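Pasting the structures in now, so scroll down.
Shared between the two complexes below is chain A, which pairs with chain B and chain C, respectively.
Entry: the complex of A and B
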């Protein structure tokens, strides 16, 4: 099983799409840092958890498009032609989709290692700020549900029709920055929510996440997981019919 | 099959293609998106809302859709696995060219259809402001070329990669440049979503169409260059990209058109006449001039050509004593000097491409031993916009219904020479009413060829020349005569909304509360509507101008709108009392004429629309702005400010200054009002200040003076 995972991962990491998109993601992230984050979000410091979370949220649509592009390859015409062969192997369809999701997850992780490293470098260089511990938990809360949601729903749509994945890419852009708890990337939420909070002695609102936001993150996580499961069911049914 | 035969086959096929039909239908349906999603291009004029916004929405969305259609069609043969057969029947390059040209032809038909479909609705909404020619020109200038550019880029990317998804990525990257915030106000980089500041309803604005067409031609050249280059990468012998390029690249004739087209685009970009090469921000260090101790008398003849948008000038200066050594004059960078003589002898000069604040220097020297001669300068050209302001307003332009030229877009500004008297002739279309140095011109001769020559005698320089298709109503308030000049297109609106009465109300209110208007010259006041291309209004001696949208039907039919353009009109009118030649206020970090003007506007609005309205749209908004300013990280920690790039530092400083003058100070005056005992007492103080305005003619009225009049200290007005 590990062999297949490493093979899929190698195919993704060394393919034509990922290296180029990694570079694009890094350039875009630096652009966000140097043009928006540097000004601070909602009157908070550029190195506040609010600004950092908003930065992650702003970079997410492009990262999600990268992930969806990688996953779209599995639902292309060429891939469908070799499905007859892969279906003949003893690996269950669910496990195949699980492996694809994990491989895409590692690619997503690589992108965010670069994106977060850029942010830390930016904070250290420009603001002499090194207290990064506060960023760990928010990073997980923002990134994980978003990835699971898009990977799950993307594969579900891909198993219905390949072009629907491209539609989801457009949606990733369209849903970016809606200023409430349903904001899947969180950019809009982290830009608006601090303005509604009381400020402390240092005039900065303390970093908290509303219960509604956390509940919606769990919902996205659940929807994404359900998407992976349904994609497996649909693919299994198709291969049986074939 | 030759190219034409292939084209006919492809055209017939595409007209029946479901992909193309889908792209066409969605493109047509995309026009209302801009208004539905509240993405308004331009200001609140009708032609922005009902022509510009739909056309630009359709342009951008349609361009993406046609690119998608181009990719689908380009991939069709490979997708169905018959590309090897097709390549055997016809030359791949010819087939690709025929398909792309056919798709461009279909998109042209769709543009025509789109314009026809929306014409009745637009005409009905805009009523008498609808001009069919202007409406059609928008489709021809923005929509059609942008769709073509998009198709060409998409097809070029496909020929390069032979993969749909990679072509999509490349297209998205290129589109990303156009839609990103970095180029938000850049006319030239926005290839997918053309940038237009706004339009004008009252004064037909052709300038945005001129620059729009120019940028489309640039990008068409670049896209055609990319497209023809992509033919070199067309796969040969079923081999890869590099092999195919090496095979094709051997034939130099194939490279030539690509290089010529791309180079043409780059050259056109460099040679563009619309925006100068100056810095992005205004240089305040630019001093006006060195000691001008050599006086001259000038005779100038200025002629405009509204068809080409150009100006031609013959300026003569009688110089008693020439300046010893080299000196300089500044002109609009768009002009080219064609002749320069002194006493009939040619004068050598050199124009230096170092534009600053919308001016380009020309250095010259006159023989100091030959005094008492006439310096003749002839120049002409298309007035260029200063780069620092080009993204937010169009200041210098010559259009059919509106001409606006100021300082160095009119005549040279000399260093070392002082223009003592000037007799200036302006030859303009006879339908336009001219204003020179903000005053309506009166002396004219009809040339009998559709033009009229207006003459003005002035002392010193001419700072502003505006001419427009105006109507002027004259009415009186007690002893004051008011000339109310507005775009002729607004006549119906002015009559239906009784605008004259609104003006009378404002003037009456301010006269009663602060005193009779002193700045009206000889009991005369000119109120003039600006073209919306100018993006603002101003007040000078005896003249108040305001933004065009004050009279826009949408503005006047929306009484619930807070702090609307109508109130901008009130604001500009009140500047006749506070600022300009009313009370001469100092311009400090916190204090300026704006504080008193905004406060007075609030008081008038409170009286007119009620306390609740004034509280919601004035006091609450001031408080929000001040609170946000207080909370801003860089205001709390200025030590971090120097870490910011200078562009953000400047932006933050300007934002702080604006909040201080327009929100914090009115809030402080409101606090002063409460401390002095209420509105009546504050009115009494303001009346006294206005009566004492002469005392502040040289020593400007400062915040400390205001505090003295109120009997308060700065501490008293400190906001919590």
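Entry: the complex of A and C
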């Protein structure tokens, strides 16, 4: 399995899409940092967990588009032509989808290593802020459900028709910034929710996430996981009807 | 290894009948050539055999067990080369074969890749990116991936397309060597390839098996149905005859024909497998029976 994963990852990382999109993601992240995050969100400091989470949320749609572009390749005509060979091997379709989801996850991780590194550099350089430990958990809560949701639903739609993945890319933008718990990227939530909280001794609301927001994150995780399973079922059926 | 195809009928969702009551059995070692015109449904039969399609009626047994319950077992012993396929352009030949070896769960991938590269004469190109290969070289990569791990069942759909005559002969000899302990199914339009290496021939037409037997018995069916005559330029073919070849000579055009009943002016000659195939397709009793149904 390691070797299959290695080749899928290599094809993604060194393909036409990823290197260019990584650069675009990095430039966009820096633009968000220098134009929006620097002002802080909801009257909090630029280096508050709220501002940091809002920054991650603002960068997510572009990262999701990158992931969806990578996954769209797996539903292209060229890929279908290779699948006539790979479908005749004993590896189950579900395992193939699982491996490519993991490979897309690593690409997503690489993007966020760059995006987060830029944020840390930005905080260190401009604000002499180094207390990054507080950002670890919020990062996971924001990034993981969003990735799983788009990767799962993306593959489910891709197994129906490749063009539907492009439709989901539009949805990645449309779902961005909805000012409630359903905001998949969380950008809107993190700029609105702190305003509803009491201000603490440091003149900022303490960083807490509402139960509703956490429940919706779990829902996105579940939907994405179900999407992966359904994509496997549909792909297996499709290959037998080809 | 043993495969039994029992009374398979395949009807596509559009209602189009692809295969009708096809029954075939094969046990290793055997090298079976599948002949048939375009649209005869040779590829459909092959897809059914690799569990790539589900039959509408009938069943396929692998070692006396239903194929659907043996899919993983089948695929772990299968080498498949479809008529049309794609390769990952960005990978090198070695990397692609290494990837396929991983998918096939081959333990000693390195040795297996070396072996197929040698066999397909691609060792010198092992580091070349697939996007830089010619059509014939891609076809050789396709053959190489089918032979990876020395599978016990090899299904080849038009494997020698795009290869030059010398390579074609070389490959058919490789397939012949490999058939010693395997089942090899070779679908081709090139009758010569079948004649050279296959111990058994299936002739398929309109989704029905018209003939299943040795090449010699197929040829025997065409005895007294093949002949030659000298024609003049512009002469039409005699009624009910299929012209196999026309050779322009000093005294006219020497025509070779296949017919149910040879006209009086035609001199009978010994049939070749190609003649026999044409006779089977156009005049065999099985063809008439299938048309009557």
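Everything that follows uses one rule, which is that the second predicted complex is superposed on the first by the 242 of 242 C-alpha atoms of A that agree within 3 Å, B and C clash if a C-alpha of one lies under 4 Å from a C-alpha of the other, contacts with A are read in each partner's own complex, and residues count from 1 in each chain.
In this text, a contact is a pair of C-beta atoms (placed from the backbone, for glycine too) under 8 Å apart; a residue touches a chain by one contact, two chains touch by 3 or more.
The shown structure was predicted, so the numbers you read here are calculated from the model rather than taken from an experiment.
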* Will chain C clash with chain B on chain A after the two structures are superposed, or do they fit? -> fit
* To do: Have a look at where A:234 lands relative to chain B and chain C in the superposition and call it first, second, both or neither.
  => neither
* So, A:78: does it touch chain B (first), chain C (second), both, or neither? -> second
* chain A-centred angle between chain C and chain B, computed on Cα centres after superposition, in steps of 10 ° -> 120
* Examine A:89 and indicate which partner it touches, taking first as chain B and second as chain C; both and neither are also allowed. => second
* To do: Could you look at A:102 and tell me whether it touches chain B, chain C, both or neither (first, second, both, neither)?
  => neither
* To do: Scan A:144 for contacts with chain B and chain C and give back first, second, both or neither.
  => neither
* To do: Based on the superposed arrangement, let me know which partner A:164 touches: chain B (first), chain C (second), both, or neither?
  => neither
* Does chain B (first) or chain C (second) touch A:14, or do both, or does neither? -> second
* Does the superposition put A:120 against chain B (first), chain C (second), both, or neither? -> neither
* Check the superposed model and tell me the shortest C-alpha distance between chain B and chain C, rounded to whole Å. => 11
* Would you please give the residues of chain A that touch chain B in one complex and also touch chain C in the other complex? => none
* **Residues of chain B touching chain A in the complex** => 79, 163, 165-166, 168-169, 172-173, 180-182, 628, 630-634, 636-637, 640, 643-645, 648
* Asked: Tell me, which parts of chain A touch chain C in their complex?
  -> 1, 3-4, 7, 11, 14-15, 78-82, 84-92, 239-242
* Asked: In their complex, what parts of chain C are in touch with chain A?
  -> 13, 47, 50-54, 72, 75-76, 78, 80, 82, 84-91, 95, 98-100, 102-105, 109, 142, 145
* To do: Please give the residue numbers of chain A that touch chain B in the complex, ascending.
  => 16-17, 20-21, 24, 31, 34-35, 38-40, 43-46, 48, 65, 69, 72-73, 76-77, 126-127, 166, 199, 202-204
